[in-house]
Amino acid sequence: MQVFEKWESEIRGYCRIYPTVFKSASNARQVDEAGKSYIDFFAGAGVLNFGHNNPLMKEALIEFIQADGVAHSLDTSTTVKRDFIQAFADTILVPRGMNHKMQFMGPTGTNAVEAALKLARRVTGRKTVVACTHGFHGMTLGSLALTANSYFRNAAGVPLEHVVRMPFGCQTPCRGCEMGCGTASVDRLRAQFEDSSSGLEAPAAFVVEPIQAEGGVHVASQEWLLAVQQLAKDLGALFVLDDIQAGCGRTGSYFSFDGMGLDPDIITLAKGIGGFGTPLAMNLVKPEHDRHWSPGEHTGTFRGQGFSFVAGKVAMSYFQNDTLMSEVKRKGEQMASALNAIAASSQGAWQVRGKGLMQALDVGDSALSKAIVSECFQRGLLLGGCGTGGMVIKMIPPLTIPDADLTEGLQIFAQAIKAAQEAV
Amino acid sequence: MQVFEKWESEIRGYCRIYPTVFKSASNARQVDEAGKSYIDFFAGAGVLNFGHNNPLMKEALIEFIQADGVAHSLDTSTTVKRDFIQAFADTILVPRGMNHKMQFMGPTGTNAVEAALKLARRVTGRKTVVACTHGFHGMTLGSLALTANSYFRNAAGVPLEHVVRMPFGCQTPCRGCEMGCGTASVDRLRAQFEDSSSGLEAPAAFVVEPIQAEGGVHVASQEWLLAVQQLAKDLGALFVLDDIQAGCGRTGSYFSFDGMGLDPDIITLAKGIGGFGTPLAMNLVKPEHDRHWSPGEHTGTFRGQGFSFVAGKVAMSYFQNDTLMSEVKRKGEQMASALNAIAASSQGAWQVRGKGLMQALDVGDSALSKAIVSECFQRGLLLGGCGTGGMVIKMIPPLTIPDADLTEGLQIFAQAIKAAQEAV
Amino acid sequence: MQVFEKWESEIRGYCRIYPTVFKSASNARQVDEAGKSYIDFFAGAGVLNFGHNNPLMKEALIEFIQADGVAHSLDTSTTVKRDFIQAFADTILVPRGMNHKMQFMGPTGTNAVEAALKLARRVTGRKTVVACTHGFHGMTLGSLALTANSYFRNAAGVPLEHVVRMPFGCQTPCRGCEMGCGTASVDRLRAQFEDSSSGLEAPAAFVVEPIQAEGGVHVASQEWLLAVQQLAKDLGALFVLDDIQAGCGRTGSYFSFDGMGLDPDIITLAKGIGGFGTPLAMNLVKPEHDRHWSPGEHTGTFRGQGFSFVAGKVAMSYFQNDTLMSEVKRKGEQMASALNAIAASSQGAWQVRGKGLMQALDVGDSALSKAIVSECFQRGLLLGGCGTGGMVIKMIPPLTIPDADLTEGLQIFAQAIKAAQEAV
Amino acid sequence: MQVFEKWESEIRGYCRIYPTVFKSASNARQVDEAGKSYIDFFAGAGVLNFGHNNPLMKEALIEFIQADGVAHSLDTSTTVKRDFIQAFADTILVPRGMNHKMQFMGPTGTNAVEAALKLARRVTGRKTVVACTHGFHGMTLGSLALTANSYFRNAAGVPLEHVVRMPFGCQTPCRGCEMGCGTASVDRLRAQFEDSSSGLEAPAAFVVEPIQAEGGVHVASQEWLLAVQQLAKDLGALFVLDDIQAGCGRTGSYFSFDGMGLDPDIITLAKGIGGFGTPLAMNLVKPEHDRHWSPGEHTGTFRGQGFSFVAGKVAMSYFQNDTLMSEVKRKGEQMASALNAIAASSQGAWQVRGKGLMQALDVGDSALSKAIVSECFQRGLLLGGCGTGGMVIKMIPPLTIPDADLTEGLQIFAQAIKAAQEAV
């Protein structure tokens, strides 16, 4: 650990929550160098949907390396990129009747959001973007302007502008919140935008997470999403869904908003799409908007990532039948059920929220949450807090987590809660 | 190719310059699916300093995968991250007497620049950043504000503010340029900053590329860099060197500014540091600045990249003795000499610029440059244009390029020039 | 008229509504050069509260000129300035227990608002200001950012930033408006500001017109104003009341918000304060905020206006007893009553709003409003439209209007309405 | 004085330099309430070009008041406004072959600059404005962005953007300044603007004071002004001359740039144009730009100022023959000569700068300057410091100053200098 203390930046965070050095990882388990095994309910912040070192992907990657595949290609054409594109189109887009174009940019979620903002502003000739309270969209200045958390915003050092803030439309109203979410809130916003003396400029885009993960696992209601989409279309703005953390199968279908009747202009994807933990980001863009790009106008060195294409293609195989997705739903229900049992003892102080294998317990108290996470770590369970002050404990295991690990993890969690409550 | 046409975004650029599908790559060669082999004077925009599929790295990566190493770790501590940090400290920092801290962020150059800007603004409490004409620092809104090229800037869709522009201090004055670079320019800027009625706000940072790669391969003079550094220190601003493309051995030493007596507050690195083409970005930050970060204040999902740590550690082995670096100097001279011979025929219209294995021929004409690049491609040589309108042809082969490939590549280039001149 | 056509800017506006050349004016009458007399329900946009060429003021001004009084003094001390300050303190401030400091700046309302914004930002160290839908605060870039009407905003040519928009809390809900005003709206805003993940920065100030004049004569409810004030105090923001058009006796008391139990940090005044139509602007600033100013930090050449001090002191005499204010209330009721009778015929389509001698008929139709104003002009009555598209007809005669002129004006208005309805 | 202490804002400035209460004023003399008479070398910051209480204007104003003239008219047409416009056109514009339109806005210089910025941005569709080091253009956010002095800028509380800073092209190089002014500086700026990779956006306007008054009495060279004008035209930007303080006859001709062969797109005027010290501001706008305005797009309550039109028309009579202007030149030479004699004793430490009756002694030392101004005040001479830290003593008496007062004032100044040098 001294190496990190001596040479790594003070900004490091997760290593303070998990004070050990990890050596290996397999599916839903990580092992530290002392040999201690941890169940992983964190999955690299939702990246490792198919488990650490997924064996199918390992095999494909080794074969790729041995064959001198093109690991890095910018946006030149490569055989592995073509394979990935074809698989994604066949598996995800065509069955949904979607004809969105795939845009690859710098391989991080924030770069995807920056690209979406540029295009929305280009297409509409407008500047203002509507984003949500509690939204999280990244750390670079364009996406950070959309991110709501003041801890992150305060790091900017310059004003973050051109954003109008809209209350997020929670399916389940948060305890004590009086912001006024739901479709009534969208109606009020519509009235403002439609009044030329409201002081609001016409927006370029509405950027919404169907499920706010970092913001505290808030699940949007279908009716609110439909209302926002309608407002966007009526105002001539693009409707952008940021599915970076909730997409790629996390909630029991590929997109977290599948089946809601939504028709987004742009979908931003990252985290889980590269499959193995190697970076990749991709926007799905309606062709009528995509043609506003000029070649190379939004570049990035690491756009073409061979490893991510190879593993990402393997990931597609999980969506070619319903096996994994039905497992996600089943396991999600088991998890929600366990959490509800725990919350039941809180006399209404705690709230369970989530969808599929993104479930969360909002304990409404940062110190308690911190203590729980710490007790879990000591007992061999990795998970993390999210939301303001981290008071929401989020569970996002690999979608491939074995039942035994899931059950054991939930048991550890129940014990950790008790220990933390006693300690705090 | 139809797959790309049908499904990939119109924004793709390099694939239009190299209209083929690459299948494999090894050291300084790429092979397309038709079996045609290309000499690579482009190296993934300067990423692949150690060659495509470097055999030492391949071996290490396969071993890592087979051992279920931790591929993705955010900023938790892992054994491979520690190995990389230790190797980097021992090989690069300690011998230079540097005690900079290593900060890992989202694994792209633009994220590194964004992090540097945040920290400089935090440390100084100021907003304005001084950046150079022809500078290139990335595509997200913070770094794009520093990027000079209007083609990229125009894509922002919002004003790019808080930047003061300074002429870059070219070692060799550009043909026809009357901006007034050099230390006289720094003196003028100093006079402005020191006059409280000049209308300039005190700056948070000076952000400078020692060699502007994308901007057209402009090499800064040592005296200008020293003058800028002195001005930064005198004004209480941070001196930030962006060595993303020119660093990691490209110019014959690890940093492109080695031996110049510079003492930067922050150094941004990316491209070549991951070694194999897998993404990684890292800032080197003086400890007295680094302690202004709060944990997790600038995050990013893909901060901890196992593959990049593994290959990046292998890359360090190339700097533990002088073999590679002296090769780079020798080959760089060969390249410069060949280019000078070509330029000699232009009666002063063309200019050769560069350092180490980043060499360029400025032909001062976009159409001609385009034609040359195209003729090269047809003859089996990959390279690209840079600078305004792409009129500067840049050569950045892998540092490990075999002499035969280097010589053949230069021969092809000479032929392509002739063919292009006849055609244009 | 040719002189104006040939030499004056195309931007001129009111002269298109009143296409004649005025030669003289007395109390509530203006006479054009053809000798036609007009009843003035416009009063120079609310400047001429004490009538054109008020005889007491005329006398004082002539005496001042003849005695070589100091007409222009910047912020040096003069006898007439002292007299004005003393009269204002004795007549307005002391009786109300106010100890606000008087700040004179460039003699226009917009300069007053700019000064208030600077001070609020200085005191709080914050940037964001909360302003209202339909608010009007001026045309210079700082105040224009607060102004809501897009016609004015679009003239800026640069983004207008650092403003959060709040629905104005109308006493009488506007027809068809679904923005959601009232204290519930303040509660929602409070919830947003109190949530550190709402994406809103803490505000420097809330800037509110107790009555929105230009915005369409919207009268704020007392409970909403109290709620906004409480929110401002709770957030550490300054509570700024812009009483530029509604103040100076217009509504039946000196401030339009007298008697509501409000305690503003800054009050901006202009229009009526100079008394005679000569420019003056003044902010009333609580001493604890005022001491944050450094000398001369917000300057302006025309700060010390002798004519305005002289006439403004005479104006104070109208507030030393209740005569004028009770007249204002009585005449205001007469006006409202006449307008209500007219609106009664509209089957709910029209709305009457106002307070004291600022009354308005909202006809909800720009073309009709324009036609009415034009018919009035032809019949010898001057008044104007306000609000979005000018669809609200505003009546703001001199407070000293004789009963005969008031009655005749209202009769003309009734006739003009009929004529306009037939014509449209 | 207690009234001011108790009730007036701490921001007041000039009253601290002139700690007395003025009661009356006539031509170049002000008298305080103790009966002490002061010679006025300040003239209300350059407003009172025709003397305090100019007798011709007094007569015209009293007649106007007695005849119930229209004192306040917004932008309706009045007989006195027409008379002023006609006189201005006949006296100033037509003889110069100018067909500029006259635009009246809020009656302060800053409002004039704000209007000019809006129009330049509208005409060009661009945002950036080029302004000068040491420039002064006003205090509202739009004009303040152009103002260079950091004391004023720091009061804004928000970033001041969309401005590129250009060294002012002094006729006489300032002592010790190394900013690099002159046409070489314009050439460098041209090179930057013409390089699409310089990072500068194309500008909407160049805004220049032919003589920087507040900035320290810097007189621009003709060749530099011509070069700036040429650059503006070449770039499609508007060339805006801010003649607010130096215009209206101050330098020996109506415009301070008369005879230089300049052809500005917009000229901003204020201070002296109202003649008597009553506010007025006016832009002269080329018709081809003016037609981009829509009616009422940039408004302001106090646009139509009867008193200023009346006195301003009288002011025109001073330009109908050469009497006053030749006097200005003669007196200006006398003043410069006296100052040069004083400066001669400084062994090069002091510098005399100016044109016509705006002359200044730069003593290069704030404390000394302050002491001189104070000694002058005690001896009955009013003048003020300008430039950074106020180290330049500016002399701008009424143009109508009697020779006796001028001579006596210069004698007092010489004595005050000696006293101040002894004291400091």
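The first chain written gets the first letter, and so on, giving A, B, C and D; residue counts start at 1 in each chain.
Everything below uses one rule, namely that contacts are C-beta pairs under 8 Å (C-beta built on N, C-alpha and C of every residue); 3 or more make two chains touch, one makes a residue touch a chain.
Please read all numbers here as calculations on a predicted model, not as lab measurements.
Student: If each step moves to a chain the current one touches, what is the fewest number of steps from chain A to chain C?
Tutor: 1
Student: If you tally the C-beta contacts, which comes out ahead, B-C or B-D?
Tutor: B-D
Student: What is the chain whose Cα centroid lies farthest from the Cα centroid of chain C?
Tutor: Result for the farthest chain: B.
Student: Averaging over Cα atoms per chain, report the distance between chain A and chain B in Å.
Tutor: It comes to 30 Å between the two C-alpha centres.
Student: In whole angstrom, what separates the CA-based centres of chain B and chain C?
Tutor: Each chain reduced to its C-alpha mean, chain B and chain C end up 58 Å apart.
Student: How many angstrom lie between the CA centroids of chain B and chain D, rounded to a whole number?
Tutor: Taking the mean C-alpha position of each chain, the two centres sit 50 Å apart.
Student: Any chance you could list the residues of chain D touching two or more other chains?
Tutor: 127, 151, 158-159, 161-162
Student: Residues of chain D touching chain A in their complex?
Tutor: 158-159
Student: Can you name the residues of chain D that touch chain B in the complex?
Tutor: 127, 131-135, 146-151, 153, 159, 161-163, 165, 167, 177-180, 184, 187-188, 190-192, 195-201, 215-216, 387-389
Student: List the residues on chain B that touch chain A in their complex, please.
Tutor: Contact set of chain B toward chain A: 1, 3-4, 6-16, 18, 20-26, 30, 33, 44-48, 52-53, 58, 61-62, 65-79, 82, 85-86, 88-89, 93, 101-111, 114, 117-118, 120-122, 127, 139-143, 145, 151-152, 155-158, 161-162, 204, 270-271, 276-279, 283, 285, 290-291, 293-302, 305-307.
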